[in-house]
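Naming follows writing order (A, B, C and D), and every chain is counted from residue 1.
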């Protein structure tokens, strides 16, 4: 496990903080795009010999996670004329604290999971769990539908990180990509409808069904 | 031959999508459903194991789920003919296509022996149902769809991570990261415990969200409340059953890996918690479709409780899966009729349904008595069996809680259901247009008849199928 | 043979309603079917009582289930009244609820179903079959109570009924499963010696007290009973009250018969509960304005008497006084028959009165004896019987219990534990006196005096079939009352079935012989005297009632039922809290005003319903957890995940 | 033989008791009241009078008087008035004894309600309420006696011999006291009711028979006389020792009964009617006294 991978993972964690910390939807989406690119290049440093599959995977991941989906979100943001503040339920500082705590917990929890010799030095498991957690934070503390989508993306990235540990079994990234594609694709459609019906993406409007 | 179970619906979906006019589409759905049921019957009859491949083949569990889903879908499809005729003002292209796609994917779930395929199929059902939920295309249904989609996707993502954990555990224990059900079970002994436990937690939360176990059920009342009755039936009887199947597969692996005790603990907790939550929300529930949603939560709870009790509980849970699906069919379809006739699903507007639509309301009432475990209906047998299993395993506290919760749920559900069906209907001309045509009632009656059959005379082959499935899960 | 006849009767009853469901014209078919079913079953039961035990086993394809029928003395004893009342009720319904009336088919169908299932409960040898039949009875009775669900009153009655009954059913679930746990079979088999002493046995007994107590309408589980019996059609009330609540008694007796020794404490509990419900039941009955509610409360009283008898049996058996135990069981079981007969008779005749007077309000009837003499006579016989007066059947069973009470004081040693049984004597005395008060009031206000409403003065005698349905019941009351010794052997067998470990009681017939003699003497002389006096005064002149100088008495001046009951209400103020709406005249010439008073059921209206409302209010807080925001829902997901991960890492 | 003797005793001498009571009251009041046999004259006169029936009434109205006469006669057969054994004696006859009077109460009250008169309804209400309170007292007494004699038949129960007087004299005295109160209540004497008042509103028994006339009314008078006699005889039986010789015993019974009549007369002339609200208290007191007797014998 080359150290570069680890440093990329560190960067990944930092982007988590950035995405949760920024007050602006644009920069949040940019953060997601950055994460996508990081994940895109990550396989190079996991696998030593470059195969066609590797290249394809890198290109696909980088393109989808780093370009296509953020682009879609940007477009959605442009179409809907809403203020670009994130408007969280929970303030930024507490969110960041929670994120830090989550990361720490992830490190702790990862310790009791046995690893293969090859991966033992890596940060993969904790990074994956931490990213998952910050994805959850994004989903639960943000008001706008779009920022929830970004939260979901972060969560997916976390899963993807772990997926790389199972590079051998093709099935993994297929799963991830499929999930992302359909998930975000459908969400895009629904966002579109929401925009049409409610002329807003504020989920406050989306809490009429209740006891 | 088994592969046609997937291909036929897909072709049907394509046809439905390409067909220009709305009228004949419901018929396509119905025809495909009937063919599918026939195929399923054939598969189950001659014990066809499916493809040669290790990835797609039928075991007893798969056959059981296939049977449930195919039957329920056939009933719903026939009902759809009447329903979509009633809702002729809406375009039904997407709806019908999604229905058939849903059928294909559920069959795939039943067939899958590889955890990733299983997962992909579940994901696909999520999407199909999301489309179905949005049939009414109003703000409320949109909100419901949005919530369903978000929560469902998060859940399914967690399930994926859990699957990956299992694969990694396999890589450590067995040497290669297989996700083949058979290999995992065979090599389960070597799987490292922490990975199995963590994976089980993720998969439980993931598929539990799809099942709608409390506190992961939050999408259910909204979705069931806003969806057409027929979609509710398919969700409550079909999709949840598939999710339960996925959970069972995972449980089997955990059990084989020596984590059975841990898994059963979690399942018992989830089961009782779901029943308790359902009870709390049923008491004083003013919306009879949301009521059914909570009833579904309750019965998912009973299912996992049965598994969590283990032993004879597994058989009981599987039996209850069948009964629950069929009874939910009755309840949701009848509720759909009442909803359509009164143009409302709140108690404020809906009373005296027995007077306005005797058949549907009567069926609704019968469904209520069935689902709360009165003979001569199927759930009576299965709910009693769950209790028996609990007592045999000396889980007296669990048994006591189970009984008390059943009592509370009966009270809560009954007060709402009776308020709907009894009394004098409000005097308004609106909704009088609704007619209880054959298509809108006969399928429900058939479904009820099946429920009665399950309570009075369970056919031998179903019993053998159930026993085989239970044995597969290490039950008796 | 008997089993086959019984099962034939059951099936006939169950299917009897189907023709009426199909077409209105098939009402006669239904009647014929159910009467046939009743007769067949009755013959079967009688064979079972005189002959030996018979069984029947058919397969039933559900786990643990089997269609196992077993007609032993005990079952047969309980079956006989079921079939008798089923037939009588079916005949009565033919004109009481004619095809023209609303939901006729519905009523006939569920009535048949209920009666058949009821019989099935009494002869099921497989616990799951027992449970299933039990629940079928419960649900079909619910539909019958809710027949007129357009009225809020019967809606709530049906609702309370089905709720209570479902609680009972769940307790029964537990009983059945526990039984399976200790016997490892789904059949009723005797429990291992000493089961009564171990926790499982005690749990069984507690659950039995709840489940069967609720079904039997024992205080304080009686809450469902008055409303239900008032709301249901009269022939249904007759069956529900005459034999329906006996389901609970049967279950209790059957379960007790499986134990080798029941803890004495349980017997004492039964005794005290029985005393409470007999006294309070009749006390509440006295203050009712609704004829059917009144009768319903009397069911509570009589169940109390029966349970008292069972209590005597259990206590005496545990303290080794077989004679006393036999007396207790015999009294209880005979009272099961008697109550079935006279309560059904009362409900049918009351139904006839209600049918012609178009009201259930006692204070709006009156003077019906002149207009419907046969019904009046039937009701009078029922009233004398239920009051436990010689020479009718009620006296015989109560006499047995009295004798038991007295035997306990003469027979038991100094400070013997069985001395608690002497409580039976004052309890029965008070109950009997109050019951007399109640039925004098009821009979007097409904049938005697002057009509209190237009409808009552226009009332006319009911059709012949309805009267015919009462005949067998009258005959039954008279037979058991006048020649009780005849029934001694049957009773003995039943007692043996109920308490197999007691010596087969042979003395009952001998014991009852003198009662028989004196009953015949009393009946003969009294009837002779009345007839002579009637003959003497045949030509008597008639005039207005002498009202102490007031020459123009009107019907409104008569003493009302509630004022007749006032004295007793005063005595029971500690248990009953009457609600009185009295006008307060404040002007010199007060305008027209109305006085109204009623007594709510203390347990239901003052304790249970408020408690339920409170529980509902508390549960209301759960709503905040489902308050619409998806972020919160996702939070639940995350929290669950983290919590479970923490658990898994342990 | 004894049966006939006993029956004659009851049938013939019952009205005499009424005479004794009125004479006693007259004596105490210093008047020389009606002749001793006045009751017989009244009966004779009433039997000759014609009957007038209320137009609302049915056969129940006449069943009342008939039963009211038959019942005390039958009940008297259960008591050992002449000789050690009653004509009709069996285990548990004591219950029959009490319930016979319940039977008569049922029909007399029903007959009263048959007229539809407010006053008679009032009387019924009182009668049934007070009877409900008197019954337990009677049964407590019987319980105590059963414990003492160890038997369930009035014949042994009531023939209390010296030894048991020696054993349980206190209990027996209590029983007699409580039963005397019951007797006054059951036969509607002072202090519960005043048989010769004329304020309908205050009466219990008399107000129930306002509408009866002629032979029926005669039967009612005779019936109440019989009832009074039987109750007195019951108490007398407890008090008296038995010789076994029918004639002597019969004479003794008659003497004791007439003695009780004198006591009743004294009570009636020494105290006034209680207010109705006080009546239940007195009856409950009677029950408590008898209950205490039970406690004594169980001790």
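Throughout what follows, a contact is a pair of C-beta atoms (placed from the backbone, for glycine too) under 8 Å apart; a residue touches a chain by one contact, two chains touch by 3 or more.
Just so we're clear, the structure is a prediction, and the values are computed from it rather than from any experiment.
> Along the graph of touching chains, what's the shortest path length in steps from subunit B to subunit D?
Contact-graph shortest path, subunit B to subunit D, evaluates to 2.
> Would you kindly say which chain has the C-alpha centre located farthest from the C-alpha centre of subunit B?
Taking each chain's C-alpha mean as its centre, the farthest from subunit B is D.
> Once you count every C-beta pair in contact for both, which comes out on top, A-B or C-D?
Here the pair linked by more C-beta pairs in contact is C-D.
> Where the CA atoms of subunit A average out and where those of subunit B average out, how many Å apart are those spots?
The mean C-alpha positions of subunit A and subunit B differ by 31 Å.
> For subunit C and subunit D, what's the span in angstrom between their mean Cα positions?
Roughly 36 Å separates the two chain centres.
> Could you work out how far the Cα centre of subunit A sits from that of subunit C, in whole Å?
It comes to 69 Å between the two C-alpha centres.
> Could you state the distance in Å from the CA-based centre of subunit A to that of subunit D?
Those two chain centres are 100 Å apart.
> Which residues of subunit B are in contact with two or more other chains?
Subunit B, residues with two or more chain partners: 146-147, 150, 154, 194, 198, 221, 281.
> Where in subunit C do residues touch at least two different other chains?
622-623, 626, 630, 632, 634, 637, 645, 649
> Two or more other chains in contact with one residue: find those residues in subunit D.
Subunit D, residues with two or more chain partners: not present.
> What's the complete list of touching chain pairs for this entry?
According to the stated criterion, the contacting chain pairs are A-B, A-C, B-C, C-D.
> Which of the residues in subunit B end up touching subunit C in this complex?
Interface residues on subunit B, with respect to subunit C: 146-147, 150-151, 154-155, 158, 194, 197-198, 200-202, 204-205, 209, 215-216, 218-219, 221, 262, 266, 277, 280-281, 283-284, 315, 319, 352, 354-355, 369, 372, 374-376, 380-381, 384-385, 387-388, 391-392, 399, 403, 406-407, 410-411, 414-415, 418, 422-424, 455-460, 463.
> Per the contact definition, I'd like the list of subunit B residues that touch subunit A in the complex.
It comes out as residues 114, 116, 119-120, 123, 127, 130, 134, 138-140, 142-147, 149-150, 153-154, 156-157, 160-161, 163-165, 167-168, 171-172, 176-179, 192, 194-195, 198, 221-222, 225-226, 281, 290.
> Taking the complex as given, what residues does subunit A use to touch subunit C?
Answer in residue numbers: 89, 105, 109, 112, 133, 136, 139-143, 148, 203, 206-211.
> Mind pulling up the subunit D residues that touch subunit C in the complex?
My answer: residues 50-56, 58-60, 62-63, 65-67, 69-71, 73-74, 88, 90-96, 98-100, 102-103, 105-106, 109-110, 113-122, 124-126, 128-133, 135-136, 138-140, 142-143, 146-147, 150-152, 200, 210-211, 214-216, 219, 280, 291, 294, 298.
> Where on subunit A is subunit B touching in the complex?
For subunit A paired with subunit B, touching residues are 112-116, 128, 132, 139, 145, 148, 152, 155-156, 158-159, 162-163, 165-166, 168-169, 171-172, 174-176, 178-179, 182-183, 186-187, 190, 193-194, 197-198, 206-209, 211.
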